[in-house]
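There are two complexes below, and they share subunit A, which is joined by subunit B in the first and by subunit C in the second.
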Partner chain A sequence: MKASGVIRVGVWGLLIAFLLKPQVFAPAFAPLTQHDAPAIYDQGDLATLAWAHLGLVLTATSLSALLAIGLAILVSRGPGRAFLPMSRSLVGIGQTFPPVAVLAIAVPLVGFGIKPTLIALVAYGLLPIFENSLTGLSQVPASVLEAADGAGMSPIQRLWSVELPLARPLMIEGLRQTLVISVGTATLGSTVASQGLGEVIIAGLLSDNSAFVLQGGLITGLMAILLHDAVGLIAQRWQRPVQ
Partner chain B sequence: MIEIESLSKRYGELTVVDAVDLIIPKGSITAIVGTSGSGKSTLLRMINRLIEPSSGQVRIDGRLTTSEPAPALRRRIGYVIQGNGLFPHRTVAENIATVPQLLGWEPARIAARTEQLLTLFGLDPAIHARRLPAELSGGQQQRVGVARALAAGPSVLLMDEPFGALDPIIRAKAQEDLRTIQRQLGTTVVIVTHDMEEAFLLADRIAVLDNGKLLQHDVPARLLTHPAHPQVMALTGTTDRALRLLSLESTAAIVTAGEVSGPDLPASMSLREALSALIWAGATAGNVLDAHGQRSGHVTMQAILTRGSAAR
Partner chain C sequence: MRPRLDLPAWLFGSIAVGALFGLPFVISKANRIVPGVPVGLVDALGPGSVLRWWVLAVIGVTAVLTQRRWLRLVATGLLCVWFALALGHAAQLLTPPGNAVVRIAPGAGFWCAMASVALLGVDAAARLQLRALARLALLGLVMLVLWAALASGYFDHVSVVREYAVNADRFAHEFSRHLSLALGSVLAAVAVGLPMGLACQGRPWLRQAVLSTLSLVQTIPSIALYGMLMAPLAALAVTVPTLAQWGIGGIGYAPAVVALFLYALLPVVANTVLGLASVDPAVVDAARGMGLTDGKILTRIRWPLALPTIVTGVRVVLVQNMGLAAIAALIGGGGLGTFIFQGIGQTAIDLVLLGALPTVALALAAGVVLDALVEWLDRRRPA
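Coming up: the complex of A and B.
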């Protein structure tokens, strides 16, 4: 196994061990606590929270990808081209508008919980996937498109078997960026009662317990790194199918 | 056979192809020539409806091209472009299999056809079938492009400057291969080129376009001896037209009985090459060798020179 493989297994092991047996790591966090406060988050199960967090991130990213890729496909051809500048601005607003503000607006409309968080995450995650997909689709050489048309592919066949495969590496890159951004941003969901790792950080801030804050941050960070890495691995497999 | 009837393409005020009438005989090679921007590609692409005509119609083997959906029409017509347009993410075999796959052929039939075409184009299936286009040389990529166009056995092959990106030696080989394969398969070929040399080398008939108008459509020799328009003469050039004319005929065309002392000239040799061989050998006549290498008669330099004269 290469060095990168060893590190990968190590980091996965560390995260899983911490989630399943957090008490083992208590001595490492104890110095950060004061007045005999607990060193390990005790208001809920870390593994459950991490699982919920991951579920939220994956759902949000999938929805972002569906919307962003769908939109990129629509505005990159035929009459849809007219809507390219407008979609660019819309998607751009999704990213420049702070997620906290989106939460504040969404809660009165859809209530507390997972819904406003999903809305904020999906809006925030559109841009990287949309822009990368657009670039990927526009980079397909004109001669390749002409050959596809000339061979008698229908527009759908051309999209499916030529344009999407050629745009895929960039789309995956966008997906990767959105995933990483979402893992961090999703912690905000805990302010509107959506289950996730933000709870640990907020609990730490409220009770002035740096150990909690650090734990929440560490788990979130490790999750982001591992997801980033995993997407890269999957993409690599996909690019070079075994013959 | 392709019958083109008062075919026009207009973009707003601009008429890019102007009421072109053209009949392309079955099994022949027709070159469409003209300066850049004269409408060659537009005319070609209206045949397979990559561009929809503004007016006029096209029939292939008697059938209107508008009588079926455009994708179905294009699957019956081979199409080759400059820079070949191979699908970079598909192997050579997958590229060649494109149209058969669209037509829903059985996998076994596709595999057999792919292998047959690779061999026909001098590529070893065992070595090249699973390569990606980027792993081939320019000449090999170009051959795969033509093989892909011919995969489903189309009766018509459209080519838009297919050899433009190749260096001279590989281009000459590709042109020769095209002629061989075209004769073998009996495909009707329409080739767009701005290279007059290529047109004279390959074409049975040449169509000259200028500003979207068809100036002349004729056998190559008549473009030289009877240009229909000053622009045709400008395009074919006047400085070496005698030699060009000689390049269109072989020694077999003017062979006369009897043996002479002089170099041997294969019957397939063009008069231009024969003339060069005679000049080189310092001879005034040479013996013509038939396909079996037997002397079948002779040609004289005088006879060759006469064939190159406008007054022949």
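Coming up: the complex of A and C.
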């Protein structure tokens, strides 16, 4: 196994061990606490919170991917092309919109809990995937499209077996960006009472316990890096038979 | 050009019409936290001259049908003014005289109509391909109109403006705190990031190490990064009392500005490296052939050629930090996020908006200004 493989397995092992048996790591966090405060988050089970966090991120990212790729396909052909310039301006504006503001504006619309967080994550996750899918689809050379037409492919066949595979690497890059952003943004959900690892960090901020803040931050940071890495790995495996 | 159906204009025009007449234009609340009663546009405006509907129809039809982009830009701008005036009028009409508790908040109809029309306007402006200066002037005009509208008192009964009136002193303070958090951290990141990027030039091992460390920092959620900096800064303030006198400590401004600085570092360093690396080696060779020293090559050749890419990195960072600065409120760092999180805590939506709307406006304005700067630098760059 290569060095990168060893590191990967090691980091996964560390994260899972920490989630399942956090008390083992208590001595490492104890120096950060004051006045005998608990070193490990004690107001809930870390594994449950991490699981809820992961579920939220994966649900939101799947929804974003479906919507974003669908929209990118729509605006890159037929009458949808009229929307292409506008969708580019929309992406530009969307990227300037702060995630906190999306969350803050979603709360009055749908109330507290998981719903505003999901809306903010889906809306914010759309942009990287949409932009990359659009770039990927519009970079397919015209000669390739003509060859596909010449071979008698229907527009749907052409999309499915020529355009999408060629655009795939860029789409996956967008997906990875969205995953990393979502894991971080989902922690903000805890300010509007949605379950997740943000709870640990906020509990630490409120009780002035740096150990909580650090472990919440480490778990989310590791989760983001591992998801980014895992999607890259899956994409590599998937790409191989095509080449 | 053959006149043909402009699909986006028809779609967003229809959405705006549907939103105006199908969704509540304003929400009338008995006080700032109770849920309110929806009021449609026709009821909200009350009896009055039929002329205003004609004005709306003429501008609206012009905006959708016109083939001229500048005319669409003007028409969409006027439509936004119409919606705003309607909101102000409705707020005056629905507020009983002398009552300072009732809140008239913009409803879903107002927001959707405003958003679809603004989108059409932005699209028209983008297709006009205005030059940098014209875009800045347009931004200035929008800000001037906004300021004049708020100063005129016409909108004093609208819920968010009422919330502002209650918090006016704090607003000025938090607004400048927000700006200082975002701008200060970006300036620091530029001051540190440029030399770092320069140092990475020609040293692949250093570049690899610096860029991967900084991308690790980016994966840490912002609230956690703020929190993680509290402990070391608190310790620092205890050991070096002079620092504490300057206001550096575990909570408040210092950890927030350091966290924002750390987030800003990666794009600045990465774009500096990218910009310097993208300079054509043939150009550098030619300069060397002409007898320029390495220092002169850097200041006269590499630097001007790399500058637009570097400023693009600064744009990303400034826009991002305008938004992230809102989270500083969670650790007592102040800024517009104070209103957002207080509002969420009190379920007072008007207070949330008082924080969120200026945050969005600042981020958008920063984007427009820096885009114009990048374009200006790009054009000045020797070909």
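Brief remarks on what is shown
As a working rule, the second predicted complex is superposed on the first by the 239 of 243 C-alpha atoms of A that agree within 3 Å, B and C clash if a C-alpha of one lies under 4 Å from a C-alpha of the other, contacts with A are read in each partner's own complex, and residues count from 1 in each chain.
Methods note: a residue touches a chain if its C-beta (ideal position, glycine included) is under 8 Å from a C-beta of that chain, and two chains touch if they have at least 3 such contacts.
The structure displayed is predicted, hence computed values, not measured ones.
In this overlay on subunit A, subunit B fits alongside subunit C without clashing. By the touch criterion defined above, A:Leu164 reaches neither subunit B nor subunit C.
Touch counts on subunit A: comparing subunit C and subunit B, the chain ahead is C.
Rounded to the nearest 10, the angle at the Cα centre of subunit A between the centres of subunit B and subunit C is 100 degrees. When both complexes are overlaid on chain A, the residue A:Ser210 reaches subunit C alone and has no touch with subunit B.
Once the two complexes are overlaid on the shared chain, A:Ser154 sits against subunit B while remaining clear of subunit C. Of the two partner chains placed by the overlay, only subunit B lies in contact with A:Val144; subunit C stays clear of it.
Of the two partner chains placed by the overlay, only subunit C lies in contact with A:Phe83; subunit B stays clear of it. Applying the stated contact rule after C-alpha superposition, one finds that A:Thr96 touches subunit C and leaves subunit B untouched.
Of all Cα pairs spanning subunit B and subunit C in the superposition, the closest are 9 Å apart. Subunit A residues in contact with subunit B (one complex) as well as with subunit C (other complex) do not exist. Those residues of subunit B whose C-beta lies close enough to touch subunit A in the complex are 48, 50, 71-76, 79, 81-89, 98-99, 102, 130, 145, 148, 158. Here subunit C touches subunit A in the complex through residues 6-8, 11, 108, 119, 122-123, 126-127, 216, 218-228, 230-231, 319, 322-324, 326-327, 330-331, 337, 340-341, 343-344, 349, 352-353, 355-356, 359-360, 363-364, 366-367, going by the rule given at the top.
If you check the complex, the residues on subunit A that touch subunit B are 141, 143-144, 146-154, 157, 162, 165-166, 243.
Partner subunit C is touched in their complex by these residues of subunit A: 32, 79, 82-83, 85-86, 88-90, 92-93, 95-101, 104-105, 107-109, 180, 183-185, 187-188, 191-192, 198, 201-202, 204-205, 210, 213-214, 216-217, 220-221, 224-225, 228.
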